[in-house]
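Chains: A, B, C and D, in written order; residue numbering restarts at 1 for each.
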Amino acid sequence: MKVYEHRVQYYETDQMGIVHHSNYIRWFEEARVDLLGKLGIGYKTMEESGILSPVLEVHAIYKTMAHFDDIVQVEIKVEKYNGIVLELSYEVKDKETGEVRCCGNTKHCFLNREGRPLSLKKSYPEFDKVLYKFSQTA
Amino acid sequence: MKVYEHRVQYYETDQMGIVHHSNYIRWFEEARVDLLGKLGIGYKTMEESGILSPVLEVHAIYKTMAHFDDIVQVEIKVEKYNGIVLELSYEVKDKETGEVRCCGNTKHCFLNREGRPLSLKKSYPEFDKVLYKFSQTA
Amino acid sequence: MKVYEHRVQYYETDQMGIVHHSNYIRWFEEARVDLLGKLGIGYKTMEESGILSPVLEVHAIYKTMAHFDDIVQVEIKVEKYNGIVLELSYEVKDKETGEVRCCGNTKHCFLNREGRPLSLKKSYPEFDKVLYKFSQTA
Amino acid sequence: MKVYEHRVQYYETDQMGIVHHSNYIRWFEEARVDLLGKLGIGYKTMEESGILSPVLEVHAIYKTMAHFDDIVQVEIKVEKYNGIVLELSYEVKDKETGEVRCCGNTKHCFLNREGRPLSLKKSYPEFDKVLYKFSQTA
């Protein structure tokens, strides 16, 4: 599967001359949404089907600094998936040099529109199958 | 009425060492929401009452540069209000020197939850009165 | 020249369920940077050569609403270029339907590292030629 | 010391109707900068003195959801400080209810303008004293 690429925008830099650290958290989301799209269960479709998937936890370790106009690649792996909780890990690399910029993790659950937790396995087996399959291969 | 104040955050700067221009548009919104709150018709209350007020137009002229940790003051005037359309003007000044950083305007209409235009005058006279009164004094 | 495309991110939406209006100002910048890159005078190169190009003015008219996961296309035209001032216009369209989401303009000057205005024509004829040529064709 | 307060802005919400999770990372920074200011060693002063303090790591656990127009309070504690590395913990609470919205940590080092690590203890004893003293009391 093609890795997600993001070109660093000017508005993502700060006066230290590098990317502001909060943007990596947004790139994790960009890559996550991109991944779901490629798996055929786009997050938009999920929301329209009545599934919300809030972020429960986020962790990022900044290794080296990304700069304006760099292209970064974000690779995602499933660390845990049991139909109720999804844990992903991320590696953000510079496209040109391969240098790792940032590693991270996010943890998610699934809620219905009333905000009650749901099991994808029980309530949305078609989404569950896709996520389960991907969690086995990645 | 006390003018709205905002302290420039680090994440609002860019690698030019100044505030990224897109943030002024957000400060306009901060000041607008603050103003409605002070008028007793907070935007949250408006939305909960079924009124959406999208931005139809925004214009900003950047005069001088704001920097990290500066405190800016945003003053708002009503340029036009007729119950259907609201036009506001903004002046962003440095608190310490009084120097003008940015002038701007925004234009808004009012929609119901279905996205249809509504006249505050007809449908929400209590909000209309407040805005009308403020438009006369400011 | 290939038009600039941007996929709407989740973090660009607001609780109205649409893209927050401030993001269009950022997309203007994304498209502008992309354009300079395609012209062979990337903004990064310009800055490294000692040219800063701050935004003097921005104007946006919001026509219809972009939503999460939409792909928008941003087309840029040069409205004015004289070596000292650059004025651009933007049209943001939905890729699928062609519907116009937003029109806008930005105005820029050129400064050296000390913040003094400079004429690209005099000081950086190689950049000037490219911008002038593009201003004639677009 | 007065706790840092932030009113949730409209542009900080997303289409889930809550604050986008990336903003908490920015609030950590707001509170951190505010704290340094109150301690008399504002981050602006530190940067002007030649100290950069990049974020090495960030961790956030989202407990409950903040909404538009809420006022949140951010409390900071020093978890570790040895002159070379600074670790802070954060608690974001709703001002009205006291409910915890988010807990988190950040880890920082100190660099000189050339990007080389420095010991505040050795190179900037006046800053070191303040941070050390605060780390003992908080």
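The definition used in the following text is that contacts are C-beta pairs under 8 Å (C-beta built on N, C-alpha and C of every residue); 3 or more make two chains touch, one makes a residue touch a chain.
All of these numbers come straight from a predicted model, not from anything done at the bench.
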{"item": "Graph distance between chain B and chain C, where chains that touch are linked", "value": "1"}
{"item": "Between chain A and chain C, the fewest steps along chains that touch one another", "value": "1"}
{"item": "Most distant chain from chain C by Cα centroid", "value": "D"}
{"item": "Length of the line joining the C-alpha centres of chain B and chain D, rounded to whole Å", "value": "28"}
{"item": "Averaged-CA centre spacing for the pair chain D and chain A, given as whole angstrom", "value": "24"}
{"item": "Chain C and chain D, separation of their C-alpha mean positions in angstrom", "value": "34"}
{"item": "Chain C residues counted as touching two or more neighbouring chains", "value": "10-11, 15-16, 18, 22, 26, 29, 68"}
{"item": "Partner chain A, residues of chain D touching it in the complex", "value": "15-16, 18, 21-23, 25-26, 29, 47, 52, 54-62, 65"}
{"item": "Residue ranges of chain C touching chain D (in the complex, touch as defined)", "value": "10-11, 13-18, 20, 22, 68"}
{"item": "Interface residues, chain A side, partner chain C - complex", "value": "9-11, 26, 29-30, 33, 37, 42-44, 68-69"}
